[in-house]
Amino acid sequence: MGGKLKAAVLGATGMVGQMFIRLLEENPWFKVEAVAASERSAGKRYYEAVRGGGFFGGFSEETMNLEVQPLNPKALKDVEVVFSALPSDIAYKTEEEFAKEGFIVLSNASSHRMDPDVPILNPEVNWEHISLIDEQRRKRKWDGAIVTNPNCTTAVLTLSLKPIFDRFGLKRCIVSTMQAVSGAGYPGVASLDIIDNVIPFISQEEEKVQRETLKMMGSPGKPASFKVSASCHRVQTVDGHLEAVFVETEEKTDPESVVEAMTKFTSEPQKLKLPSAPNPPIVVRFEDNRPQPRLDRMAGGGMAVVVGRVRRDEAFDCVKYVVLGHNLIRGAAGCSILNAELLKAKNYL
Amino acid sequence: MGGKLKAAVLGATGMVGQMFIRLLEENPWFKVEAVAASERSAGKRYYEAVRGGGFFGGFSEETMNLEVQPLNPKALKDVEVVFSALPSDIAYKTEEEFAKEGFIVLSNASSHRMDPDVPILNPEVNWEHISLIDEQRRKRKWDGAIVTNPNCTTAVLTLSLKPIFDRFGLKRCIVSTMQAVSGAGYPGVASLDIIDNVIPFISQEEEKVQRETLKMMGSPGKPASFKVSASCHRVQTVDGHLEAVFVETEEKTDPESVVEAMTKFTSEPQKLKLPSAPNPPIVVRFEDNRPQPRLDRMAGGGMAVVVGRVRRDEAFDCVKYVVLGHNLIRGAAGCSILNAELLKAKNYL
Amino acid sequence: MGGKLKAAVLGATGMVGQMFIRLLEENPWFKVEAVAASERSAGKRYYEAVRGGGFFGGFSEETMNLEVQPLNPKALKDVEVVFSALPSDIAYKTEEEFAKEGFIVLSNASSHRMDPDVPILNPEVNWEHISLIDEQRRKRKWDGAIVTNPNCTTAVLTLSLKPIFDRFGLKRCIVSTMQAVSGAGYPGVASLDIIDNVIPFISQEEEKVQRETLKMMGSPGKPASFKVSASCHRVQTVDGHLEAVFVETEEKTDPESVVEAMTKFTSEPQKLKLPSAPNPPIVVRFEDNRPQPRLDRMAGGGMAVVVGRVRRDEAFDCVKYVVLGHNLIRGAAGCSILNAELLKAKNYL
Amino acid sequence: MGGKLKAAVLGATGMVGQMFIRLLEENPWFKVEAVAASERSAGKRYYEAVRGGGFFGGFSEETMNLEVQPLNPKALKDVEVVFSALPSDIAYKTEEEFAKEGFIVLSNASSHRMDPDVPILNPEVNWEHISLIDEQRRKRKWDGAIVTNPNCTTAVLTLSLKPIFDRFGLKRCIVSTMQAVSGAGYPGVASLDIIDNVIPFISQEEEKVQRETLKMMGSPGKPASFKVSASCHRVQTVDGHLEAVFVETEEKTDPESVVEAMTKFTSEPQKLKLPSAPNPPIVVRFEDNRPQPRLDRMAGGGMAVVVGRVRRDEAFDCVKYVVLGHNLIRGAAGCSILNAELLKAKNYL
């Protein structure tokens, strides 16, 4: 394999940007060679641009001393792979500029997710969608590519749904979420809004969950046809999105069969032994009161989802369960990195 | 009407017991003349039996100096109405003893809720179920009665469902809850279990919600036939249960019609102008981010439920919304008191 | 007394501004006739300028429909008293403009607090400092006046210290605070900074506590000469600043004597029966585990401070205790209103 | 050195007991060969006795399958070192029984701390106190020994005070704490007591801090003569005790000199390169807003304390600062293990 691939992180100073760097510092295939951010930070050393050593502490000396670059493909010439944690408003145009210059951009932004020729990749769920890259290149006449990962809530949901979908088919899925404040970035949610409180609304979240899930679980270019409905709520946890899921399957099933399908489930990333692929990708717990965000969010290094309370659902005469995943890792930076690993294993990188 | 009716509170030292007393101290129809509790507290002054003036502060001198009585109908001879906040294990037998002695017991305990001849009353929802009292007396050959109020989550849910049920009929209802820690009593939930965390399990809660809802929304003796499925979770709020509700109706409807039905909804307690009846019983809010537990739980003195985010549901092609109610007031002591007021207005007291 | 005095609130849309209005709506001496705020809000109706009915809910129809005025004395011609909740940077100049135009400005801003001819008034502590108004008018050649209330932490501290200071004299005072997030305004403290966390720093807070305490507890124009040292910390409470206080007195004393001095303490506002004056101003509790912010912050309508755990201090061979006060009421808007009532009773208004 | 020493943990199922095991599983010198607990757990497998895999997760298969032993020295024959996380009431007698049988007991319980011949060891602070072991053996005529570690708050405080004490001498020390809920064990603090709240009282804590600090910072058998006063409060953090410290030194000093003394400070455990000794033992941070419990409690693997905001104190005309340490690691299990390592290095084990 030779040396590590040189990686850049766009939007490196935000919460997801920092998580990219934290995870990449331990990644055997990629190495952060450049950090880029908006005008305000460009030109500073990375340690100056992040507050107090950053949200997660512990960046290497080398990273800390990187000079923050502007968001310009010319400035990142010798980079081999680009991770984007840009805010959506900036991401749209910037990511296209990088793709035009031949860069493969692994993006956490929502801007391009619904473009028909851009895959939303959650590797265990729809690794075959990488074929959209070829279509994208043909259509857009560029050598680079934009590959997105799903919204954090969708990433967790779709991974838990995949074995059910494969084995029994899906007719309807209702999901009600209890999401962590880190999902809103920093400063994000005001403490006055969340102490002794729940906020029953996250802007655009339900729409994202609904349409991204269908795009991802269909074949490339053709969304799945089951129905998805989400109700999204912010609760007082730091990290880890918890989701109550009610499913109606095509073929009749029961909790035991669903547990079995989940427990046995592995997918391409596990087969390829991608470095960030959790094994198992779905951890099923049998205690009454799990998963819990504080106890379970780091399962599989934050890349696994933890399912619990798989039980009969009385409304659909089918199955309901609770699933938890780390919103900043499986739901954001970690998923993008796993996507990059998949692309490398499939010779796109 | 003459003077106030003399009331006793059983289980007066617990969290719900104290809420009974706090609410009764301001009630124009009832007056706390006796408090009763388990062996451990019996014989003490009430102020000695509750810690530091109690959870809610502010009991009257007179109440504070009441001697805690044993849980024995003989000890409460001149009492005219009995409110029970007993734990379920003790409630079953004790409440029967009181009913046998001719007392009407308004109970917050779950022990007798599913007895076919005991009503679970949430007055705006099913005030007609008071007719079960007559059946109960015939069958059990007693002059007293046991009248229960629903589980806290059910109380909030059924009140919000009632106008939909009446106007459009119900086929299926899925509810995912975010419940306050006060619902578990004191000491209840350990702080280590709830800081930066959610507990996705509340013992027996889902079963209660499912079966109580159907019993209440059917006719006396005949449960409703729609399907209810609940997933119950504990979050870090002090008071106020928040519930995400997804409904499928018999007759096709839309969010505007549901909002209209809810907004116009009143019921017997409002007609009778019962002192604890909130008016309106359902407050509909139109901001994106309401209801919120800390801001909205005291709507209607804690007796109203607050509904928000009424919107199209994509899974049922129907309607979803969020509803909040105060678990200790509408969901417990306040509901029992409203039941007593109803009984008085209907000449059972 | 005739009708109520016409009041204006500057900075009416912020957290303290809203608290001014909430308190004034129930005040028997003042009536909000005008609300003023920065350019961004001026011209809107008040209900449009505050989010979702405001932080505290429940403003009157009349108030909700007030048109927000610009921060200009000409715009508020017929107003008789001005309350200022302006941010410090704007307050300095704006408050002077109002005073020049003859208005008496009761200010919560820190801008003018340390001006030698401006009183920092916490009425029970130093009502005699109103004499500085006369000096201020002479010196500044204006008919109006600027009267400030202390920083929230100082307001609570000085009220608790006053009976000790009067009876035994003070040599040294050390205070370590646990302050509520509402003290930082809205959005203020990010939820990511306070969940499962404490922030051991509040900008400028320690300096304010130290110098304001001495200015207030001295005679007008001559600060007290004891020593004060503060360490200020933000904890996860909504409202209510808790302070651990260690004192060394001039004259030897003991916990019992300090409790007696506190319990018996009343001052000018109580004598004058000012409507917002709590009686007693200091509530002493004897339980081990009080005061607690959630249980005790509303003592005396939020205007009293609650003291507990008065006990021997081993370092000073003197006394230590814990004191709690509502930072938005006694520590901000409520104190300004009490100041206005004092001014009215003393014929300055 | 040969193989690892065989260790037993008494009280292995509680929160501190589990932390002992978690830390020992990664310790190069000791290996958990036995777990012991009260009657209720004895005879079960360890995984049955701890709930859901335990508070911290991740025990080894081997540990999980250990049979829980009774608290009896006979049952633990081949063990070479005993760690005790017993509750104080049981610890007194049980630990003596083990010492009589020749075991060296490293105890986290408070029962024997104030015995004149039992050291309270916090190795960087007073490693020389191991000499009390010899006295203890002479006096008590046993071959074993009881060695305690300080109360969690004291452990953090004394480590931060040590370089000041050594360099400048101490006259007075005032400490006001903000302590995590894990310090109260499980279930410990009720969630209703801590949400939107602070509890300004921890039973016996202030007394422990005051007397243990003096015993430890004196010479063996002769407590130090400076004065210590503590005010202890429980706040809503999971782990990590934060302490605001005000000191008066014998010799005049200033913040810069104190920072220098702290920064340069190392002690015997660092010299001996004990495996659990953090290096540096005191991390000094210079940002305004550090240390923070969530961000800093794991410094040095939870064995370092983090000091910040070293600044002039106006009351003592000396120095004040804030210090944070992990209450379950440096303040409990980790300190006991470091004590065991010290004993081994000094040939007591």
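Order of writing sets the labels: A, B, C and D. Residues in every chain begin at 1.
We take it that contacts are C-beta pairs under 8 Å (C-beta built on N, C-alpha and C of every residue); 3 or more make two chains touch, one makes a residue touch a chain.
Every value quoted in this text rests on a predicted model; they were computed, and no experiment measured them.
Traced through touching neighbours, the fewest hops from chain A to chain D number 1.
Across B-D and A-B, the chain pair carrying more C-beta contacts is A-B. Our note on geometry: chain A versus chain B, Cα centroid distance of 42 Å, whole angstroms.
Averaged Cα coordinates give chain B a centre that lies 47 Å from the centre of chain D. Chain B has residues 193, 195-196, 236-238, 289-290, 294-295 in contact with two or more other chains. Of all residues in chain C, those touching chain D in their complex are 172-174, 176, 178, 193, 195-201, 203, 210, 227-229, 231, 233, 235-238, 242, 244, 246, 288-295, 308-309, 313-317, 320, 322.
Note for the complex: chain B touches chain D at residues 55, 181-182, 186-196, 236-238.
Considering their complex, residues 52, 57, 195-196, 238, 287, 289-290, 294-295 of chain D touch chain A.
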